[in-house]
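Look at the two complexes coming up: chain A is in both, with chain B in one and chain C in the other.
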Partner chain A sequence: MNGLEGQTALVTGASRGIGRAIAGELAAEGAAVVIGYHRSREAAEELAAEIEAAGGRALCCQADVGDEEAVRKLVSFTLRKLGKLDILVCNAGVVRDQLAAAMSVADWDEVIRTDLRGPFLCIREALRPMIAQRRGCVINISSIAADLAGRGHCNYAAAKGGLNAMTRSLAVELAPKGIRVNAVAPGVIVTDMSQRIRNLAEDRILEQIPLGRFGEPREVARAVRFLASPDAAYITGEVLHVTGGLGL
Partner chain B sequence: MSTLSQERIVTPEEVEEKVVAAVEHALDLDPGQVKPESSLTEDLGAESLDFLDIAFNLEREFNVQLPRLDILQRATDHFGEDTLVKDGVVTERGLDLLRKGMPEIDPARFRPGLKATEVAAMFNVATFVRIILRLLEAKRELPRECPKCGKTMIESEVTPELVCESCDESVPMPTGDEILLRDIISLDTALDR
Partner chain C sequence: MPLDGQVILITGGTRGIGRAIALRLARERPRQIVVAYCSDHASARRTVADLRELGVAAESIPTEVSREELLGQLFDTVEERWGRLDVFVSNAARTAFVPTLDLSARSWQRTLDINARAFLLGAQRAARLMEAGGGGRIVGLSSLGSRYYVPNYAALGVAKAAIESLTRYLAVELAPRGINVNVVCGGFIDTDSTRMVPDHRQVLEQVVARTPAGRVGRPEDLAGVVAFLCSPDSDWIRGQTLIADGGFSLVS
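The block that comes next holds the complex of A and B.
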């Protein structure tokens, strides 16, 4: 299968975890990929080398997605190096879990800045080429936390709930120009980011997952690959849950 | 659309040809349906997203950043609330500014009682041509020295930026809103005299 041959993709937060799997999956499907990363340069370059060794094309670009100028440069880099932008995956995200009564404003702001403002900035910048070419696909990486109430992450839940609302809103706004906007909402996936919560309450969480196991990054990546592919040409404004049934 | 060479002066006719092509592309119109005097909204049915479609294509074509605001929105911050528009209606001073600032529109259309929201609907092909010619003129005066390494920057072919071939630094073109606001301020000063 090379369903994304000739396409270009920008994946933010792609050096580790789910983003890394997404970049690899899209590249394996034939897309030329820009690996957006914030701090993990070495990991990003290692992934690019892996993709290139497998016959794909990948480039790395550092950016803080909450920084308007950095995002402008990230999209500009993608366009100058790859000539166009077909697929944008807004994956970069952070968690700063804390009970609301003890949460600092800095922790609230940091999560909203990266997980909600970041996708907005990336999408806004990507729309310049996408509207001009009248084609594009945006996939936001959301979370089950947007729908499944829990303690200690009201900042993250608010950001991801906002991201889902933005996804639907933009799907309607951009459909006339041939741009699809969807989200993928992972459940508990085996990554560094979910390590703390898995360590704290592994058995209790597993009891709530009908499929009885945590998800793998590549399982989220496959959902992203589907939404980016021509097979999903009639799908927009959806939030696709990849949760093993968690929250049903 | 192929990018015009930025090393030479682009003629108004070339700009008009590209604007017509961008409008036809954005609105799925056949060649010949778009005239220089065609109003995008009133005659051709363009919606706000279509304006961006046209703008993004022209930005890529000419390597400029078109304004996102209309003349009155742009000027409000500078002139203050109620100076150009009061209760949604364009003031006498605002009408004077529109007549001078949008010479491609029949001045009689800027009549007392005009609502601010009606101004964007008057935009026609010639409006885009005028703005692009102004931005091309402003672009020729830009410094080309890279702020990072001091080497000469060149125009990007895919983004409205100057790019340094030596260190890869990129600097966005000044926005049309910045340039046109400066013009409006000097126009208003001229009206006062």
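The block that comes next holds the complex of A and C.
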């Protein structure tokens, strides 16, 4: 399938986990992809090589999404190399789980910086080219944690809840410019990031998932692909839950 | 193709949104599309002809989804003629648009029967057929009247809220049987039915003015979302209500 032929995409945090699956999925649909990564350079380059080997187009660019100047460079790299930016996927995120009483300000700040300020900076920077072409699609990777309370990640829940609210606000603000803004809220997906929580409470979590298993990164990536496709042309401001029923 | 070899049943499938869904799913090359309809034979003939022109086997079957025995016969026919059911889109809808205080008991009951009860009974029958075939997909249709005030819309709004709620229950109970249940919630979509809303033109203008995307919804806008919910791409999405409204509900 080549539903995104001729389009370009920037995916942050794309070297591993869900972001990696998203970059692969968009590339398989024909989009030229920039793989944004922070520290995992080797993993990013390996993914780019995989995509190129499959006949797709992919480039890597290092950036800390919480750093204004770095984000500026990331977006200008995309424009310089691919000529335009059609799809922005704000996926980069971190967790620093800790009970509130023991949570350091650094743990709080780091999560808010990467998971909330990061998407804001990326979107703000991507807007100029998107507004100029009067077309664009932004997809934020949120989390079921925004809606489903749990212990030990109030920083992450707050960031993702904020991201959902930002998604709705920007959807309204940017719709007249032809830009759609949506979010995907995954449940518990098999990634390095969720490893700790899966180890900690595997049985208890699985009990709450009607499908009785954890999700795969590609299952989130396919929802992103849908939101980027013409089939979703009238969807904006939505938070699409991809949770196997967790949260119902 | 994602729907290769599959048998699809769409109620209210010959006009408006249901017709757009049938035409959109035809692009995925299913084995058979069955469109059920109530009374408009001409539309049924036209939709079947259009589907066949796209190279897909299609049949129309008249029914009344509010009558349990007729709805049952529809599923009997599907089972006898095609031996399986993979996708059930419960789209048939009807109501009388009146102020809530003027809503008669009969009119209320009829709206609930055609919309909510038909979704329940249809899903029950569909689930039996799907389970025998190893799984399937059930998609309901809702509208923003399920969660916001819409003038003259009380009965249908309540029925749609019931559909969204039923979707969550069905999704959990049918997940172990390989059946995925979700619902698409549309904003104001320009169709034959919504032209029956009092002061239709005025309502339309107001809707466009308040919709961030700057236009009214089209049947195709919902059909694309239904196609996604009928594809393997949505396997991990369960019991959800997907709103496709151009952002309308965000500013209401």
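Note that in this section the second predicted complex is superposed on the first by the 248 of 248 C-alpha atoms of A that agree within 3 Å, B and C clash if a C-alpha of one lies under 4 Å from a C-alpha of the other, contacts with A are read in each partner's own complex, and residues count from 1 in each chain.
Keep in mind that, in the parts below, a residue touches a chain if its C-beta (ideal position, glycine included) is under 8 Å from a C-beta of that chain, and two chains touch if they have at least 3 such contacts.
Not measured: the values here are computed from a predicted model.
Who does A:Arg168 touch here: chain B (first), chain C (second), both, or neither?
Touch status of A:Arg168: second partner only.
Tell me which partner A:Ser104 touches in the superposition: chain B (first), chain C (second), both or neither.
Neither partner.
Would you sort A:Pro176 into first (chain B), second (chain C), both or neither based on which partner it touches?
both
Given the touch rule stated above, what does A:Leu240 touch, chain B (first), chain C (second), both, or neither?
second
Classify the contacts of A:Gly83 with the two partner chains as first (chain B alone), second (chain C alone), both, or neither.
Once the two structures are laid over each other on A, A:Gly83 reaches chain B alone.
In this superposition, which partner touches a larger number of chain A residues, chain B or chain C?
More residues of chain A are touched by C.
When the two structures are overlaid on chain A, which partner does A:Gly215 contact: first (chain B), second (chain C), both, or neither?
second
Which of the two partners, first being chain B and second being chain C, lies in contact with A:Arg72: first, second, both, or neither?
The answer is first: A:Arg72 touches chain B but not chain C.
Once the shared chain is lined up, is A:Gln195 touching chain B (first), chain C (second), both, or neither of them?
neither
Touching chain B in one complex and chain C in the other: list those residues of chain A.
176
Per the contact definition, I'd like the list of chain A residues that touch chain B in the complex.
72-73, 75-77, 79-80, 83-84, 127-129, 131-132, 134, 173-174, 176-177
Considering only the defined contacts, which chain C positions touch chain A in the complex?
The touching residues are 168, 171-172, 175-176, 211-214, 217-218, 221-222, 224-225, 227-228, 232-240, 242-247, 249-251.
Quick check: in the complex, which residue numbers of chain B touch chain A?
Where chain B meets chain A, its residues are 47, 49, 52-53, 56-57, 59-60, 156, 158-159, 161, 163, 170, 172.
Could you list, by residue number, the parts of chain A that touch chain C in their complex?
It comes out as residues 168, 171-172, 175-176, 187, 210-212, 215-216, 219-220, 222-223, 225-226, 229-238, 240-245, 248.
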